[in-house]
């Protein structure tokens, strides 16, 4: 069983046709998994529905707490891309007691496998990368050893080896 | 660098608007990777564009040969779902000298990581599982040790532990 | 109130993911009108769900009969493109007593406005012309005087002034 | 030949994946007409690319001027829905010298047929009404006599007989 925590982000943004602006309603995760004909055993839970630029320390503490308490050892988090790396660091410190170090050591840390993912284009819009990213993150969370990771652009990065390049929108190794 | 071999299958089927029937033209793999904003280093090569029910032993031998000769140690194959398991078995025998055995042993076999994937609905149609499967397979092929695998429905199966359930269209463990 | 008769055709073809072939299930007309946010008062009725190449004289007689009996004076018919012109001719003869003649005269014939439309790509597939054609046909059927017309490619043709060019898939004036 | 003037509006809004906001780039009109397999002879010209709430009197004067000068007698305008009725009134006064009056009289006014249309959901997003509206407006502009009209929700209203209901997003008769 894999726990999926939804926090909002571009993934779940929708277009409000009366105001002409973007907003959050419900998560599209279940619909996306149906579209992907996923047969992975998951439990989806929405923790919040916000833009990650508006994520407070309290929000982040909530995410960390829920990951720590979760009975599942494999956790997928959907998250806005702008502060995804920051949340990953909070998770690494709190959930697996991880400090920046070599990948070899990190991977031997006992504990949970937590993978964060997001999207550059809302799923509800035509040309979203969301379904690709979800397939990717759901696979990495099954295959990787304990640790905190970011799965974006088809790649998976250890939490302390990645940054979002704001000029290109691409996650890259550091 | 990951080698992607395209063999056709539902993934790449298109609707021919003059004849009203399904046919193969070019692969959509590159377009799908662009949509997913993939930054994984890949080389795409089309070996054939056929329905896997029409795949001959010669076709299968070609696929095996190209996997064996490939310089890359990580290979993704897009394939029709109907005979995907059969091709996986041919690859296991020829590429990694694998025989049905326990998963633990299989994973220790030195050699290449080969992941086959496909789709139940053509990518060109609205509600395809293709993008999800591609994200999934591309992730498993990066994360898993040497072996031959089938990535479908968000899951990854060792080549000798899976079958396609023809009543449900779902790949399931055996 | 506009009567919509559904007869099948490419409009409503779907992909059967277990057999890998095209088939008919239910019409997508109501869903398409919702997507278009249509507020036109319509009554949708499915007469048959077939490829127009398989339409028998009996099927055609049924369509003609239902148009003649309909209480509404404005009727839209979704139809496969291959024999759309043939059905339009049958309707012209039976419903409005029309014979090939000058457009001026045709338009003065008292009776019903019947517009046939279809699609080159199934609505269920990504790149369908169906929604455009439906918007077009629904508009022509409201705006035009009595007569039998074919609305395709954004244009509207009198029933006896059009043919489908099978090389290009385009309806053109004759 | 039908002249199409593009002014922006929801029709052409896109999602900016680096800023996470909506913006205008190029019009999608040509792509939409291709998707609809339109064979109507049109000339597309972009006058501005703005939200209609930001349309100034100068912008409106520009639209009116271009309609008056256009060689074509049939003109389609894509426009944001919020002030579409206002622009239609400006056009009625200036282009066809129309004052609010009975429909019968309006239709006999010699001059041009001008149809305004728009969308509630951007075309670039999955579930847009744009293609339906374009098919509809393009058909009404061919079929209707001189006058200024708004084509939305599958219906066509004389310019002085319509308002946008801001609670429902629907154009309705007044």
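Labels A, B, C and D are assigned to the chains in the order they are written; within every chain, residues are numbered from 1.
As a working rule, a residue touches a chain if its C-beta (ideal position, glycine included) is under 8 Å from a C-beta of that chain, and two chains touch if they have at least 3 such contacts.
The shown structure was predicted, so the numbers you read here are calculated from the model rather than taken from an experiment.
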| C-D or A-D, whichever has more C-beta pairs in contact | C-D
| query | Which chain's mean C-alpha position is the greatest distance from chain B's? | reply | D
| So what's the Cα centroid distance for chain A and chain C, whole Å? | 47
| Separation of mean Cα positions, chain D and chain C [Å, integer] | 26
| note | Rounded to the nearest Å, the gap between Cα centres of chain A and chain D is 41
| said: Using the touch definition from the top, which residues of chain B touch two or more other chains? | reply: 120, 127, 169
| query | Among line, ring, star, complete and other, which best matches the way these chains touch? | reply | ring
| note | Inter-chain touches occur between A-B, A-D, B-C, C-D
| remark: Counting only contacts in the complex, chain A reaches chain B at residues 32-33, 35-40, 120, 127-129, 131-140, 142-144, 151-156, 169-172
| query | Which positions of chain B touch chain C when the two form their complex? | reply | 10, 13, 15, 17-18, 20-22, 51, 82, 120-122, 124-127, 166-167, 169
